[in-house]
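Here come two complexes built around chain A, the first alongside chain B, the second alongside chain C.
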Partner chain A sequence: MALPVSIRASVTPLELELIASETLVDIVPLISMEKTAFISGAYGPLRPPVKSRIPLWMATNLKLKKKCHIVPPDWLNIEFLQERLTHETSYPAFSDLPFRFAEIAKVILDVASDDLQNPDKIRSLLKDLREARQAKSREGLQKLDHSELSLPNLCSMEINEIRPFFIQAMSVLTKLVREPTAGP
Partner chain B sequence: MVYIPPPHLASASRPSYAEAYNDILVSHRRSPQTSASSVILLVAPDVDALCAAKMLADMLQQDDVMHRIIPVSGIAELERMRDELMSYAELHTLMLINMGAILDLPSVEWFGEFSTKLSVHVVDSTRPQNLSSLFGGGENGDRIIVWDDGRAENMQEERKAWEALAYEPEPDSDEDASDDDSEEDKEGEQESDEELGSSPSGKRRMLDNGGREGKRRKLNDEVSRMSRDQRDAYSMRLEQHYVSGTSYGQSASATIYILATVLERVDNDLLWLAILGLTFQYTTSRVSRTDYDKFHSVYYDEVFRLNPRPDANLNPDNISASSPDDLSVRATEELRFMLFRHWTLYDAMYHSSYVAGKLGIWKDRGRKRLTGLLAKMGFSIPQTQQPYTHMDLDLKHQLRSKLDAIAPEYGLVELAYPSFARCYGYRAPPLSAADAVEAAGALLDVAGGVRMELEVEGSRHGGEWFGGGKMWGGGRSEEDRERKNMMRGVNAVDAKRPAEAEDNDEGKEGPEKNEVQWWVKNFWAAYDALSDITLLREALSLSMSLHRAIIRQGSSIIDKQDIRTMRSHRVVVLTQGPDLALFAHPGVLSRLAMWLVEALRDRLPGTAIAKPGRGGRGKKSLPFVVACLDEQAGTYIVVGVMGALDFGDVRKNEFGLAFLDAKERCNARTRHGSFDTSVLEINQEDLKLFLETLCEVGEGY
Partner chain C sequence: MDNDYFSIDAILAENQKIQCTFKVDIPDMGHLGGGSERDIKSLAKVPIPIWLAYIVLYSDWADFSIPTPFGARVRNALKAESRSVKLSGLVGAGGLWYGFGKMIMDILSDEQANEISEVLTKTFRGRLTEVVDQAQHFAALGPSGGGSSGDTSLSFREGLDSTERELFALAQASTKRTKRWYEGNNRTRR
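What follows is the complex of A and B.
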């Protein structure tokens, strides 16, 4: 395999982005399209300027060809993220964020940053959120034991990050737990 | 051979750019054999064509049309390309960008024999356009579509003349005559200097044919006698059209921008590329100041429409990106110093041809005058030797006002012209349009194929740069560099003989393969740089080296008084010098010629080239012919430029015809390497004779 050893046991971020692109987003189309059947479902019809809901992958494609404007999801704005950040820094538990917020935010910021209000402030807020949550997940790993690890409200990229570690750690711990009972 | 008018002149019955573009889309979608070679763009190697091609490529990509871009360096290459294209079965659209306007496209020699589903679109800024391409219709003709900028509307006289000479009024007696005449016409249009010769013999032949028909002899004689004067008048008209010299009309990128406007798909990227095309035309003196101003005002409005700014700030130094995503275009004033924001101020003024001419930079006295001017403006010598970005902030702000106040004493007026700059967020400082054009032009001319030495910034510590920089490695691809590294490694380790043999082989093939490919690589390097700001900024230092070389050569020419004055023009022949290999490229040689024109504008009296066939003398101008020896090929590259006497004005370039004429007379072995008819490659031995016959041309027949 060509992937480095550390990520062979888990999914790569690009794959996660692909999976997240299946999410539906709102767009304002600039061209009209009939209801068309795709592999994952039938989408459309697109009638400008009426908003419609299509998957993120299709929205990205249309946006790159300048045929639509993406409406950011309700959580991708300064107020929501600022509120979550203050919650993150004041309480030890993880705040509630959409499961695939990191991937969706990245795709929208890359492709449609002109459709967002204040994209650089959003970028810095996302970075702060990531750092705060990363610190918490490090602490949370100390509570790892052989049977369960409970970190509620962790998001898909973060789970992916610690997955190789805790899989190995848990298997080692399981062996350690079993061994004492298997003694003479 | 139909021309389409620009959208503001279009109507329901006269399709314009948008309809032509939609036709391309429709034929792409309808054809069952569509592949990547269905739509091919042939692009000439200049910055304007590059921008237009990029704009078209972006638009086609957004419409999901697969296309190919092929750079073509000259007419010879175009002929080869045409033969290759004959074999493509799935080709249905061909677009020629900045080439082909002068060619007789419907003729068998070019595209007459292609299948009828092929349509050829010509987006070209060179004038004059070939009249059969514009006016000839018919099944063969309707496939050639020339995207015109509105001037063809005013050519009704030429249209009448061409149609009269191509299609005879009488149907029967002139079946032979019309064939002869249209043949003559086609030949005449391609070698337009022989027009006078062909029309008298055409007349005679027509009279003979008229005489042969027994029954209608009298009628024919009467008709032919009536139209004899008419024919003379018509052929004079056609001749006037072709013989007045080459000039440039609306830039190709402006044409594509108008198309995008009609389709309502403009955005900042397209606008920026259109601005680059216009700036290129102005800085290379292809278009006069009035034309530049006309287009500039259009773009100015567009900039404000697409980039709303709360404060309109004209000071170019105050432009800064407001946010990391800021990719907007701003209107600024540009000074006529070459790349002045990337150099020291002293260097920028030294290397600009306008200042060079007025102050006489090639002499020591002139350089002292330059430092004197800078001192008067309040810039101390250490300040002017600093790179511009490190100069004191208040000096930068004062620069403009001080220049306006003090420069007129030295004769430097009109130092600024309105232009544009683009921000790149926080990735790079804002870049002005003139600088971007310089960088792209340098990449096109010299990115590969010749070794250029660049100055490393900061290594100068004030004072002049005497060389000792690093080599430009940007033109070569990664594989070439790796291969060369591997070769060196193999050589060093062991087995010297096989490695040497391989190296020799590569060396022998190298020049041949590279000879054909260098302009293709340059084209793609410049194309990539247009989308990537880091590549473009790297190319700025390449452009600076190029200018340095031009100044070196130009100053030595003027110093050594190498300019010979002939009756109607001035000649410079370069046979030696450190940069000879560099000047063997036609693009670089043309820049040198333009520099000489600008530098010597005020010091030499203008001459007038007598127009052949017309009695009096034409307008006064500064014709210059520069020839450079290409040692490897054993030929001379000759470039002719026509400088106008007034700054900001342009003259039609008559050297294309003059060269053809001289070549005919002295039977020199020549080759036209590029699309510009005023650039010629001639055998070493024939040069002297050629230059002498060139003098005689100016006196008329």
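What follows is the complex of A and C.
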């Protein structure tokens, strides 16, 4: 394969961001636009100040040209994230978060931090969440088996980070463990 | 370390020698023992590599004993603290301790093979967390770090066998990538 070894088993974070950018978000447009056809569907018309729902990639684009304001999704605010953080630190299981929360949050924080109430606090909450979940996935490593490993509620960026390592480790274990039924 | 003919890992793992006691005389093969004899006499102990030993044992021309990297002493050390044993010291640099163990497992009878399989899996699991920790630690420091880690972690890394080194590299690369993405391009998009 022509791909470098490190990306053969996983996807790059930028690709994940691209995939996550298909999510629909609410915006408050500042310009008018007719209903336009794109590859993924037709969006619009945009009539300020009415809110409309468009994909994140389009919202980022418009935002950078200062043509809209992004409304943060329901889960991207301090109360929700704080509640999830306390849940994360008090229970051993992973708390329920939108599957692509890391990518969406990062994109919105990057381009539209002025549309959020308290971007620094949100950033630090996200960081704490990430660290708490990483610690839990390390413990999950102890239970690594050659046949299966179930870590419910893990999010796409986290899965991507541990995937190449975990599958290699599991395949090594498979080779080491296979003794009980086989034999010369 | 499969039984795949073309697997490079398997070839390297099979390069280790084990002691065999020949049961029959074998003329003209004395050079295998590294000595200057012409023949191998029966009951002579000759160290031969596993890829050769496999056939010799199957055809019942020799018996063999469990080699040192899996002997009682090593096993006790691993049982005590699997992370402090230097696996690369047991099979030479770039060696494959796990691969070697798997080869031995294939030759042995059931109960002994199960024992070795236990040892291998327990060791692997015990060292795995440490491998991950160190990989993430090094992914964070970037090109400038490394000098400040303690002696134990340095000697642990030197003692990793090839399989573990691959895992270390994988974990480090993916962590570095993700970190770089998280901290990257805060304003400079498109």
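By our rule, the second predicted complex is superposed on the first by the 174 of 184 C-alpha atoms of A that agree within 3 Å, B and C clash if a C-alpha of one lies under 4 Å from a C-alpha of the other, contacts with A are read in each partner's own complex, and residues count from 1 in each chain.
To be clear about the criterion, contacts are C-beta pairs under 8 Å (C-beta built on N, C-alpha and C of every residue); 3 or more make two chains touch, one makes a residue touch a chain.
Not measured: the values here are computed from a predicted model.
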Partner chain(s) touched by A:Lys65 [first = chain B, second = chain C, both, neither]: first
Touching partner for A:Asp114 - first (chain B), second (chain C), both, neither: first
Touched partner set for A:Arg138, first chain B, second chain C, both or neither: second
Chain B versus chain C as contact partner of A:Ala42, first or second or both or neither: neither
First, second, both or neither for A:Ser10, with chain B first and chain C second: second
Dominant toucher of chain A (residue count), chain B or chain C: C
Partner chain(s) touched by A:Leu176 [first = chain B, second = chain C, both, neither]: second
Partner chain(s) touched by A:Gln168 [first = chain B, second = chain C, both, neither]: second
Chain C-contacting residues of chain A that also contact chain B: none
In the complex with chain A, residue positions of chain B that touch it: 61-64, 265, 267, 323-325
For the chain C and chain A complex, residues of the former touching the latter: 1-2, 98, 101-102, 105-110, 113-114, 116-117, 120-121, 124-125, 128-129, 132-133, 135, 163, 166-167, 169-171, 173-175, 177-178, 180-182, 185-187, 189-190
Chain B contact footprint on chain A (complex, rising order): 65-67, 113-114, 119-120
In the complex, chain A residues that touch chain C: 6, 9-10, 12-14, 17, 60-61, 64, 106, 110-111, 138, 141-142, 144, 157, 160-165, 168-169, 172-173, 175-180, 183-184
